[in-house]
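Below, chain A partners chain B and then partners chain C, in two separate complexes.
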Partner chain A sequence: MSEHIVSPKLYLLIFLALMVLTGTTVYAATVDLNHYYRGLNVIVALVIAACKALLVVLFFMHAYYSSKRTQLIIVAGVFWLAIMLSLTLGDYASRSWDVH
Partner chain B sequence: MHRTGELSGQFQTLEQQKDSATLGMWIFLATEILFFGGLFLTYTINRHTYASMFAEASRTLDLKLGGFNTVVLIGSSLTMAMAVWSAQVGKKKLVTLFLILTLLLGCVFLGVKAIEYKQKFDENHVPGLNFQFEKNADQATNAHAQLFFSLYFGMTGLHALHMVIGAGLLVWLIKQSMAGRFTPQYNTPVENVGLYWHFVDIVWIYLFPLLYLIDRH
Partner chain C sequence: MSATMSTTPPQSPGYQLPKEHYLNATYGIRSWLLTTDHKRIALLYLASVTFFFFVGGIFATMIRIHLLTPQGYLVTPETYNKLFTMHGVAMIFFFLIPSIPAVLGNFLIPLMIGAKDVAFPKLNLLSWYIYITGGCFVLYSFATGGLDTGWTFYTPLSSVYSNSAVTPAILGIFINGFSSILTGLNFVVTIHTMRAPGMTWFRLPLFVWAQYSTSIIFILGTPVIAITLLLAGLERMFHLGFFNPALGGDPILFQHLFWFYSHPAVYIMILPAMGVVSEIIPTFARKPIFGYTFIAASSIAIAVIGFFVWAHHMFLTGESTYAALAFSLLSYLVAIPSAVKVFNWTSTLYKGSISYDTPMLYALGFIGLFLIGGLTGLFLACLGLDIHIHDTYFVVAHFHYIMVGGAVMGYVGGLHFWWPKITGKIYPEFLARLAAVILFIGFNLTFFPQFILGYLGMPRRYHDYPPEFQVLNVMSTAGASILALGYLLPMLYLTWSMRYGKVAGPNPWPATGLEWRTPSPPPTENFEVTPVVNWEPYDYKNRPDLGLATPTAPTLAPAHGDD
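The block that comes next holds the complex of A and B.
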């Protein structure tokens, strides 16, 4: 594995993309998307945040150029988070614990 | 500690040594994902349960300051990435310069955060301290709004704590960088603190829309 050096030009490009996505997410929050589909506002916000996070991980954090083993650790981290979220939310969604 | 980048006994090559350091940093970050993940889970359940109250409470946050801080923090990620690049290509003076810029942007972020916290104190929006969501708010409104603000302070507070630790790490890096320690052969500390800094940036990338941007229409 030889070290890969990311060029400043690419860093700047990623930064600009992140700025555009930040603007988009602020704009999207001011539009009533829930009117078209319930919960669409939060879905759009999370998809944009995921795109931004992916750009940061792949290029600022060099995951795109990392060894397979490092990439596996990253995926595992996200996978554990997914287990925690999905099992807990699955419980909340499917059991009648609601005391409210 | 292989501070100047000589090979430690347990490794065969410098490359392997560096690879192991990066891997270790990522394993630490995987635990950090779960550390913050618990709070995001709590947030999700409560936002779902008290949807309208969360939206109303979210609208009291200052969108301009939050947006400004988002730009500042992503900007600091850019300067951090540039510090790593400078080290990789052996431009020693630029390493120091970009690290100082990153530290400055980090301090701007924390300063703006302090201003926002002060506003919340003045508005009686701090849970447990004479909390009053608005004039003559009933008990249920106050209780549910406090849930939002508890999560707001808990999540942004834990994030700010990470920023303070990151700032400390940057000061340590700047000292070493000024002594000319970082070279194309040895820049693992810059790269690993960089990974940490970008991770903290990613946490904010999620916090910003989830806390500031609930139904702004």
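The block that comes next holds the complex of A and C.
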């Protein structure tokens, strides 16, 4: 199996991007975004976290250079997580409908 | 149906055991504890899961003895709570889940696909050690006060209120999860990468398809239960608020996460058993299996749809009505691929040349019991009816029909079917048939009355009951004692046959799979030379090498019976 060699420069770049995104998370937490839209603070934090996870999976875990089958397996894992989250949240979101 | 009652024992015309095979290639305890041979690891698992079956069985026996009388004199109510909890934990996590995959799957997958071993032999051994480590933690919990939360570990009972040894049990199950994940990973990679030349995906035995589907559930589901139980453990140990409302958590969240794994876990138990039945039926009906592609695809469908139905366990524990509606509908959907399998097995039997050898008795028993278990599952998926029978003995009867009538029947049937391959010896056929019948009768007598008890309103997990329920409870306990005999008999004669049984020969039934093309017991490397597969699966008509008598025209299966 041939292993893709990633240059240290790229690793460093990704590391810096992760640091910048971490800084952004910390900064965003200090700003009251909920003022504009309820729950926006959480949404922003989650979007940044997802971007960071994507960078780690693509470059640090070499998914970007992997075979289509490996990528499919990763997507399947994310899809399964999505099943769990969406159906569970479906329960929480529809609870208030029961009241009436 | 041209069924014939076979009275001839499997063929054994003066076969000799091979001089060297995996059992005698090396000797000594070290050669077993450090083995990387998938067949020996399968036997290590066989011994370990049998041990846990005994542990769980002892608890079950005590439960049934206690329930002989309405007041229950054997144990205190607190101890009764511990008995059914420990029965569930031992049986589900340490017997049912690893039984067919880790024992039969480990032994057979490389043999069935024509490989020398699994893809990661050392990882395979590691998963057994992880299983044993997890098992030790759980046994420690049993021995130091026991566990009384129910096998479901519902919070906040498990994380706040229970005074029993919850933490070591949670750690044990958490550790054991890694064993499942590694086994699943090993099987998926093995099936993808190590098939012999000519062994295309649609020539794979259906047992391998079932194991593949099970492995997907292992990989995708097990991490969730591991993390969920760890969170419950952290809440218990460090008072972190995940599920306890007093700490800002949500108890229903635990149930969502728990059942996200634990419902598919039922398919971990039943899918491999379905795989076993798919091997046994065509062998003893002497016919190609009907609808190969559909059976293979339905295994995958069950594995996938099985992940969409979990909250039907929570209809009455606080989820929203609208979510319950969706989960009810989704739960009905999973009946479709299950029914596809049952119809295909039945169609395979149609106009088959059936012989009632022991494995076939188990397979036929499986179909009947699984049918009852599956259909009563639809009762429970029905929102209105579930209000009446939720948390009653109806549920207990239903899941025992699936797990014991289905999964255990499949496991014991599979053990009999491949026993000549595993040991090179044949068990006493008459005793084996007798045991299969005893098991079937004992099982039904134990669990069918529980459907009625549940429907009449007897709740599960209670240590006592109103006197009018006693007759049915006595029937159930009587059945359990017959069932126990049905399990003890195979343990005795299978062990006996390892030493004294007749030599089986490479293909005693005979069957078409690749595993029957190597000596019994197989050599450590499985095959003398790498096999090349140039035949279709279950092609009994075109396999003169099997030595089956050419059937006369009227008993032949019609062409439309083939796939």
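Everything that follows uses one rule, which is that the second predicted complex is superposed on the first by the 92 of 100 C-alpha atoms of A that agree within 3 Å, B and C clash if a C-alpha of one lies under 4 Å from a C-alpha of the other, contacts with A are read in each partner's own complex, and residues count from 1 in each chain.
By definition in this document, contacts are C-beta pairs under 8 Å (C-beta built on N, C-alpha and C of every residue); 3 or more make two chains touch, one makes a residue touch a chain.
As the structure is a prediction and not an experimental result, all values here were calculated from the model.
With both structures placed on the common chain, the touch criterion links A:A76 to chain B and to chain C. When the two structures are aligned on the shared chain, A:L13 is found in touch with neither chain B nor chain C.
Once the two complexes are overlaid on the shared chain, A:I43 sits clear of chain B and of chain C alike.
In the superposed model, A:K52 lies in contact with chain B only, and not with chain C. Residue contacts after overlaying the shared chain place A:T88 against chain B and chain C alike. With both structures placed on the common chain, the touch criterion links A:F60 to chain B but leaves chain C unconnected. Legend: residue contacts after superposition of the two complexes on their common chain; A:V26 is shown touching chain B, with no touch to chain C.
Looking at the shared chain after the overlay, A:I5 reaches chain B, while chain C stays out of its contact range. Set side by side, chain B and chain C differ in how many residues of chain A they touch, and the one touching more is B. In the superposition on chain A, chain A positions 76-77, 80, 84, 88, 92 are in contact with chain B in one complex as well as with chain C in the other.
On the chain C side of its complex with chain A, the touching residues are 220, 224, 252-253, 256-257, 260, 307-308, 310-311, 319-323, 326-327. Residues 15, 18-19, 22-23, 26-27, 29-31, 33-34, 37-38, 40-41, 44-45, 48-49, 63, 67, 70-71, 74-75, 77-78, 80-82, 85, 88-89, 194-195, 198-199, 201-202, 205-206, 208-210, 213-217 of chain B are the ones touching chain A in the complex. Across the complex, chain A meets chain B through its residues 1-3, 5-8, 11-12, 14-15, 18-19, 22, 25-26, 29-32, 34, 41-42, 45-46, 48-49, 52-53, 56-57, 59-61, 66-67, 69-70, 73-74, 76-78, 80-81, 84-85, 88-89, 92, 100.
Taken in their complex, chain A has these residues touching chain C: 76-77, 80, 83-84, 87-88, 90-92, 94-95, 97-98.
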